[in-house]
Amino acid sequence: MSYRIAEMTWPQFAARKNKPVIVPIGSTEQHSQHLPLSTDAIIADRISLDLAKALDGMVMPTLSYGYKSKPLSGGGPLFPGTIDMNGTTVINQMHDILHELIDDGFTKIVVMNAHFENEAFIVEAIDLVTRETGGKATIVESNWWDPLPEEVNRQVFDGIEFPGWALEHAAVTETSLLLHYAPELVHMDRVVFTGNAEAKPYVRYPVRQGDVPDYGGLADPRGATAERGKLIADACVAEMTRICEREFGE
Amino acid sequence: MSYRIAEMTWPQFAARKNKPVIVPIGSTEQHSQHLPLSTDAIIADRISLDLAKALDGMVMPTLSYGYKSKPLSGGGPLFPGTIDMNGTTVINQMHDILHELIDDGFTKIVVMNAHFENEAFIVEAIDLVTRETGGKATIVESNWWDPLPEEVNRQVFDGIEFPGWALEHAAVTETSLLLHYAPELVHMDRVVFTGNAEAKPYVRYPVRQGDVPDYGGLADPRGATAERGKLIADACVAEMTRICEREFGE
Amino acid sequence: MSYRIAEMTWPQFAARKNKPVIVPIGSTEQHSQHLPLSTDAIIADRISLDLAKALDGMVMPTLSYGYKSKPLSGGGPLFPGTIDMNGTTVINQMHDILHELIDDGFTKIVVMNAHFENEAFIVEAIDLVTRETGGKATIVESNWWDPLPEEVNRQVFDGIEFPGWALEHAAVTETSLLLHYAPELVHMDRVVFTGNAEAKPYVRYPVRQGDVPDYGGLADPRGATAERGKLIADACVAEMTRICEREFGE
Amino acid sequence: MSYRIAEMTWPQFAARKNKPVIVPIGSTEQHSQHLPLSTDAIIADRISLDLAKALDGMVMPTLSYGYKSKPLSGGGPLFPGTIDMNGTTVINQMHDILHELIDDGFTKIVVMNAHFENEAFIVEAIDLVTRETGGKATIVESNWWDPLPEEVNRQVFDGIEFPGWALEHAAVTETSLLLHYAPELVHMDRVVFTGNAEAKPYVRYPVRQGDVPDYGGLADPRGATAERGKLIADACVAEMTRICEREFGE
Amino acid sequence: MSYRIAEMTWPQFAARKNKPVIVPIGSTEQHSQHLPLSTDAIIADRISLDLAKALDGMVMPTLSYGYKSKPLSGGGPLFPGTIDMNGTTVINQMHDILHELIDDGFTKIVVMNAHFENEAFIVEAIDLVTRETGGKATIVESNWWDPLPEEVNRQVFDGIEFPGWALEHAAVTETSLLLHYAPELVHMDRVVFTGNAEAKPYVRYPVRQGDVPDYGGLADPRGATAERGKLIADACVAEMTRICEREFGE
Amino acid sequence: MSYRIAEMTWPQFAARKNKPVIVPIGSTEQHSQHLPLSTDAIIADRISLDLAKALDGMVMPTLSYGYKSKPLSGGGPLFPGTIDMNGTTVINQMHDILHELIDDGFTKIVVMNAHFENEAFIVEAIDLVTRETGGKATIVESNWWDPLPEEVNRQVFDGIEFPGWALEHAAVTETSLLLHYAPELVHMDRVVFTGNAEAKPYVRYPVRQGDVPDYGGLADPRGATAERGKLIADACVAEMTRICEREFGE
């Protein structure tokens, strides 16, 4: 049987109300010269599917559009193909889905995020839904980078430089995850790298051409391998499984 | 090359600004005992992909969640797995995507809808965006049923009863489209049919158990075949191609 | 005694809490050369009044402004005098009125719509209010065309062509209803008709001059008579009475 | 010819773009034992019609629902038949209408209010529309009480007590206006008066039974006459005419 | 101990849940040549502090930004330094604060307003919160001018002209209050006065240069003294204390 | 002359349109047993004032209420005195202020944040305003922690443990800043510390008692000194001055 609710009939779904259900959210956003626009959506979807298997849970259809890409963490709004949703849209989109799941009787919900900029807005949605439904469901929200144990980070960057999470856009971790999950969409032969971007301690608007290097990357992706991707994915799933077991009982 | 922008890098997308871009929207909604919850999303996605090929255009990631399912046209809100978004959420979701495409310089946009209840809300989004952007882009909105020539309808229902579009939920047309596009997700062995639902000329709230037959279908899907599905899909794509050529010019 | 709550004092209204209360909604919209801008509002108001008499109910003040007029079903936004409300305004306007009626203790509510484009937005309002009030009230929504029995349609168009509901804007049915209800506002001597508009199976934005014939009509109104108007009105009221009796109980 | 756009065809309306157009707004609200629920809407409508004649202008369909009734100025929310709209609904309703009039090319607009509580919300709508449209139209907003010259006030209350505007709800002025405009809806035989309500210098929530005398009135309506109503109406129209001439130019 | 919750630790605040808590709201708005932009915020803050002492209550941090300044009552939007919030922002800002106080268990709340234009929007917030929380808290809203006894008004304007409340912007009362509370911010040497502004009985948009005298005042502030300020402040606090004792009970 | 626009008259403000203007935003939030509820607001206000002096700019009135406090970064919503605003309120509050400043002609704006949870929502406001105003103004947003050079961090935590920024709530940095700016509000004798809180790599709702230690702190504040506070404040102001000079030009 599939773990994707997209592929289930409603009676199959209804029969599994006591299982965890995972809502993946990514983005449609420039990812330099070598990664596809749906990089974040693909990662969110595939890690959620792995987690569904580990938890004997289910994965919802992935939200493919997310909050506005920012120059430092996501490459910025000036590249065609970066489709930025307003904050209230991101909040309401997640709100309505969570509310419906809770109305349907689900009480163990995971939101799996793969686009840093989404975070505050999806947590706002979780907060609003929790108030409205009297806290009936336990909702866990995380992403693929925060749960990684320090030890795993070290392994991933063993022999290569870690430029800091702020620059990890279309760089080693995301490229590795895509080499692991969807290697046919990765074009290592098109990689461009002209030096690490600078991690500025502030935001300045309007965003201008040049705030991000014109090819779209922030750090060097050349150390990426499918093995490193698998390392990240497996560690994330393992940690999230532990977290869910703790928070959902059993 | 893929026609899916999900699989393109941003330079590939940017290089095709003068091409039509298609935004598919479906729903996550009960589709009786034999079709999956993402039936509408799958149809929107696949017809859009066929249309992208015909137009040498591009297809955006599919919006998998839509407006509230209604008893007559969609099976209703009382079945688990029907994930109903509020009207303003559907409006804003589509609004933000269209606005970004237009800001990116696209001027030929198609919205392909596969969930009847979405219609008014996505057209509201199109109206708002058109006002805000001064009508810079031409936006065509349709679905897979309205463009079907009468002649094709007759062929599809040749030898079987046409219960009216209001009852065509999880019935011959949708089941045929899925047999054409994703036969592995269709369970003809689980089909239930207990007689056509009644097409009421009014709406009554609150919706109650029994407003829709408890298995979730409204009409008989047993005449569905992959050939009928292909007939519908091909006719829709052919008509939409003609419409786009007329509206977008050479 | 009047059936209009506009003309009642509050104790008169309060004394009739167990009666059905009807909320009429129309529009302010171009209706070709021979019908007034309030055609929809007048029809909504007068059919509601007839229905109130039949049900021994009450009719609320008519909402005279509605959702955006569309080229095919309503003549479009480019004619002066078409006053288009945004979707969220139409939702909230209806929402607040229904919520107040339910807070006042009314449990049998009818929404009578005479402007096709309003439909999705007023049903959204009904859905939201029903959720917020726990389904305390039974709300029936319809219009004057959907409940017409096929037999009545045939009588109305006996001897004249039925161009399809999509073109019935300022044509035989609406003109007949106004000849029945407010003949002093109908100018049959100014009728213009240059052939049926084409019912397009898609929407295209921006709306352009010429999407609707420049005089504002979509089909031939010359077969309209007060008798045909009475036929429609009486049949609609009779059907709605049956529907209300079924849905509201004794 | 009628001054009501409700009764005009669109070409009649379009031909008068350089004339002032008046948007009346009232409320649906308890008005003690002797006045109908639409008292404010009727006054707004009829004074606007008189003003349209004086200005050779036009009057739009009246907005029959307004902002929440308050204990001191309007009798409060606890009486059945008081239909309170939320503030944002009142803002958006007026906003959309004004925006459409300006888009249609009208530049001389009057908003005539007959429900005190509406004031701040309709002025907010005017402010928003003015910003959005770059101040293309001149919009005058007033009501029937503020423009009354002191001399006229004295005449109206000649020989009877003036309890202050805060208590003039269903009292001398409103009752007189209705005796002037719609005497068939006034029930002087049902008048109740048990002494002036107290004009409190603060607001307290929640509103409680007893904040307003249980019959619904705040002051003595027994001095009302049709002549006093005519005096008010004529003076208001005369003043508003002067104001419009000054603000709209020749 | 301080009466300002800004200066309390949370256990100090939590220990006083049965005490009245006061939410001051002012504005940032031009106040002619001699008063600072925060005049309203300072008055709201300081009168609230005095009231907190009188009630043994607490004062919340002052909301320094309010609703749009209008020409007649506040000097208008065309002066730099007048920071106008939209109506919905003012509603939501107050709504969220009140809702949190009620969730924290407070049941005696006072909103003290010092900017006339805020009034309708903060009362809307109070209404919404009261509905949402089932009326759990008693909320009193007023300002520093409405509760003043007639006798005190006469004393304040003893020997000087009272131009009417509509013109009391940056005039005798506000200047006196600031001379009482923050004399170091008053520049009597810079006072400009060129005659009383005219109190127009209507609103006209767009606001134009000249709707308010170009120096920013509406009436003569030269009679202002710290003693008059103290008279107003003491009377307001005394009245509000009586009101709170009546409404909050022992 | 004061650097606070609260204390300026409008002509003083208007005369300085070419200067940077700083908008401080904090929160009202529990800060353990020894710090006041307005800790964040005080820090935002005072660092902004120091920065205004350094830039010869101006500081706006501080926004004292911010976004919802979260367990890890701010102590959580379950403590009385934590006043949580909804995300859209925080967005709109900042939006309106920025929009007005830009309308008034200011083109150099700094938003100084002292409450981590505000960040995403105020940047959303900046993004929206920038789009609406065509990028007329340069807006820099930061806080007091991100611009601190690594070297300064080391000095601040010289000899004491740095628990990570996630736990720096009511701990060494905030306590030091308050000892520097407002020592009279710090109660070192009431400090409680029972061990560092755990920095969880995920969010779980509903928030529960115990997610934060019941006294409200996350890490040890006992190393706080006024000198450390001055070190942080001076370094932040120095860095922000450099940033503003770069971004605003000469």
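Per-chain residue numbering starts at 1, and chain names A, B, C, D, E and F are given in the order in which the chains are listed.
Note that a contact is a pair of C-beta atoms (placed from the backbone, for glycine too) under 8 Å apart; a residue touches a chain by one contact, two chains touch by 3 or more.
No experiment lies behind these values; they were computed from the predicted model shown.
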Other chains in touch with both chain C and chain E | D
By mean C-alpha coordinates, which chain is most distant from chain C?
-> F
Chain D and chain E: spacing of chain centres that average the CA atoms, whole Å = 28
Please report how many Å separate the Cα centroid of chain A from that of chain D, as a whole number.
-> 55
Could you please state the distance in Å, as a whole number, between where the Cα atoms of chain B are centred and where those of chain F are centred?
-> 48
Which positions in chain A touch two or more other chains at once?
-> 86, 88
Order around the closed ring of chains, commencing at chain E, then chain F = E, F, A, B, C, D
Residues of chain D touching chain E in their complex?
-> 68, 70, 86-88, 91, 117, 119-121, 123-124, 126-128, 130, 135, 138-142, 146-148, 201-206, 239-240, 243, 247
Chain E touches which residues of chain F in the complex?
-> 5-11, 13-14, 17, 28, 30-38, 41-42, 60-65, 79-86, 88-89, 92-93, 95-97, 100-101, 104-105, 185, 187, 190, 216
